[in-house]
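Here it is, the structure in full.
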């Protein structure tokens, strides 16, 4: 029976699979808050810290064949598949219910981005999500990038709703497009009638490392707009902890590409005849 | 109900989706006129200007998982999925009915090109299209590329039909193949019995910027063959407006590739052991 | 009705499609002879010349979404989809019936190679093919590569059958693998019980141009093993004619890659902020 | 009938296919031991040598469209598809039954890795496998990499089970992730309730050649944990034999990439007009 059950957990015929770990309580008009790895890892850090401070509970895991064909070592010798995770937070008086999406990676291919995000939207639609907030980074190329959090929306009513909370809504003057899940989640969500806000913390963008200051700025906005109460004092320590793991996964993406590049320069060693039919 | 409706708009199981915005009036033997981004953005500019001057009406939008996994900011803070658009123009006396296809981008992968174009052909077939005109650019590599518009056809009868209108039908001497939608739309259309004409405005091809002069030459031909009356005086102003947005999307394609290239050169930072199983 | 018929010709839901142009006569235990573009275009030239000299008749065309998203201009202004073609030759006394596969290109992606070849094998299986001969090039890297034709087989009995006809069956000492259709057609055919022979004409392999001398050597072997009678005197002239077209398609593959490479080096022009979510 | 049978062997509609050659005897709680090509070819060599010394019997072959579109010449003129193979070993008194997975290659694309491995897990699940041991290499970048075998597990109980046998279970301090089948087989197996151990032999990682010393270290561990009795004296000779073939397949991967790279630098030769629609 173990195999049959196991097969139901992750179906080899499906490309992306969301595995429910425990049924969450009834959520009231929850907001999906997304923080995946990206430039400066701002979303990953800010949302990860919120999850930890709010003691949000993991209720589902997402696996996908669109992710890197790698496993990670979270501790000294235990292996895990790359995954994204969904956590819920049941708001207290005056606070909204939240669903958090965090994870090890984004998709590897363009089509994969669309497909994984559609799976997430299918899934969170069942919990009644009608609003999405994504958190990402805005690489300015400056050594001192400032601390602004730039906002973009998929429907104008969110711009009004979140006005006066310190978000700079002039994103269009600075950026032409938003790459990956932070943007696509909102674009595809809009087609399902979900309103979307994208928060971009300014970061220098090089070297490609986690930027805790930018993550803090984004976190400040999240705390404000969702009226949360969290202790910010542990952020730096938490970033140090996260950093160790994030570096692994970060390096992973570069390695994948660099292995390929290296192979392409390697001498052809040994064979004297080169052949193409 | 909102989700069910939304789901019908864009079906997550389909890879390319055409969403009808409003039912167009009965069209009489319409011609599909295609202007998508490409070298010099000649098609995009020429057809975009026609749409605006003829006050053609948008009646459908096309979304695809074969496009870049990006969203664009059309104005200062509102996000949109990359898309193609279909507009119709009901001809006045002596003018033919036209359907225009314009958009933010072409497909990212080879297979995507075939699939998106097949979807378009399926769709416009329902409106009785039996003739297709695509507009593109011919990069000559010369700083002064001349102003000729070179033509190629998928069936010889169009060469006769459009003779004597200033199109240079000696394309075969200059080019061996036509890349992307401008060519493939005609090749695949021919298999469905649709006749095709491809108009290529000569442009230097570098730097990779919009070439309004070449777009004007192509526009002159379109105006002539379809007996249109438009005011050409606003073209330059229109190009400036378009340019701002086109640059964003243009940059987007380069960035995608350049991010990858950059990553492949990044030092492996931090880890001392490199590992491949 | 035209659309319905056209739709049957090429089905947009299928990825590879073989369109029968005319029903061939009953063929008696025919051999499939494959000559597709590759190093030195040896197979393409040798098999193309056989078709022309034997006046073999085209009976089917193969289109695939796995091919480049390009169209070619075969003459001065008429556009065609990239395709492969099947021709048959009804042998005279003592000659075997032959089916020839030639074309503009091979697949672009690894998976595409497998899928297009499986489609060909499905198709020619219906005509009773139990033996396949592929013709390709062996790039030696020498400026004077010699004129040997190296042979490899998928079942040993063909080695005996074709012994003593001038084929050098020591391929394994010189090459480790055979890339693309020339090899894969035999490997996948073997799984269906079809015997296979691969003939590789030695060529220098650089510059990447058609090598008529190597094609002639391969042609000599084909003529010998199938007891054909053809006039070899027009080969050079034929190669010149073919060359013009082959160059177009050859260039095409390089351009596709080089455009990408170029884009990756282009300056990011115009935007001051770079962004990745 | 030959075709029908042949078609059942490898189904053109399936992407990965496992062909059973002979039904193995009833296996008692067998362990899957995986050794595929990778850095230093440590797994390939160690598991290949075990198969040969234990006279394990091949009972199945795996073919996939996710592999390179190449065929290999195992001997001087016979062609074979790239494949993986499954062998079984029926343990003697006190020894466990083993299933070995070895082969010519891993998948080419990320998605292919997931899909091929899922097929293997589906298949070996039917034989009652509940434990998997993969063997790979750990490239240290040092010229003298030491002879440690580093271990990682997918469930902690295996760490206890295999303690005190010379495996260094501090992998997490040295590596962040495991690329390809050696890791993914365990990550995906865990989702089906299979316990996994990954053994990584330390190797310098450059030049990219087979490292028989590291393979020997890994082999020592395998012999110890499975209480096997084999003659190690022929390893060096066996490696020399294998080397010749492995080099072919190794070169193959580099060639594939390098051909592409070369093409991208080739001059555009002959055509004066470059064209993109």
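Letters A, B, C and D mark the chains in the order given here, with residues in each chain numbered from 1 onward.
Here is the rule we use: a residue touches a chain if its C-beta (ideal position, glycine included) is under 8 Å from a C-beta of that chain, and two chains touch if they have at least 3 such contacts.
Predicted, not measured: the structure shown is a model, and the values here were computed from it.
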Cα superposition of subunit B onto its copy subunit C, rotation angle rounded to the nearest 5 degrees, comes out at 90
Copies subunit A, subunit B: same or different interface, half of numbers shared as the threshold?
different
Could you put a whole-Å number on the gap between the CA centroids of subunit A and subunit D?
32
Tell me, which residues of subunit A touch at least two other chains?
175-180, 183, 198, 247-248, 251, 255, 259-260, 271, 274, 276
Can you check the complex and tell me which residues of subunit D touch subunit C?
2-3, 5-7, 9-10, 12, 15, 63, 65-81, 108-109, 112, 245, 247-249, 251-252, 255-256, 260, 263-266, 268-271, 274, 276
What part of subunit B is in contact with subunit C in the complex they form?
107, 110-111, 113-115, 118-119, 121-122, 125, 130, 151-156, 159, 169-173, 175-180, 183-184, 186-188, 190-193, 196, 198, 207-208, 247-248, 251, 253-255, 257-261
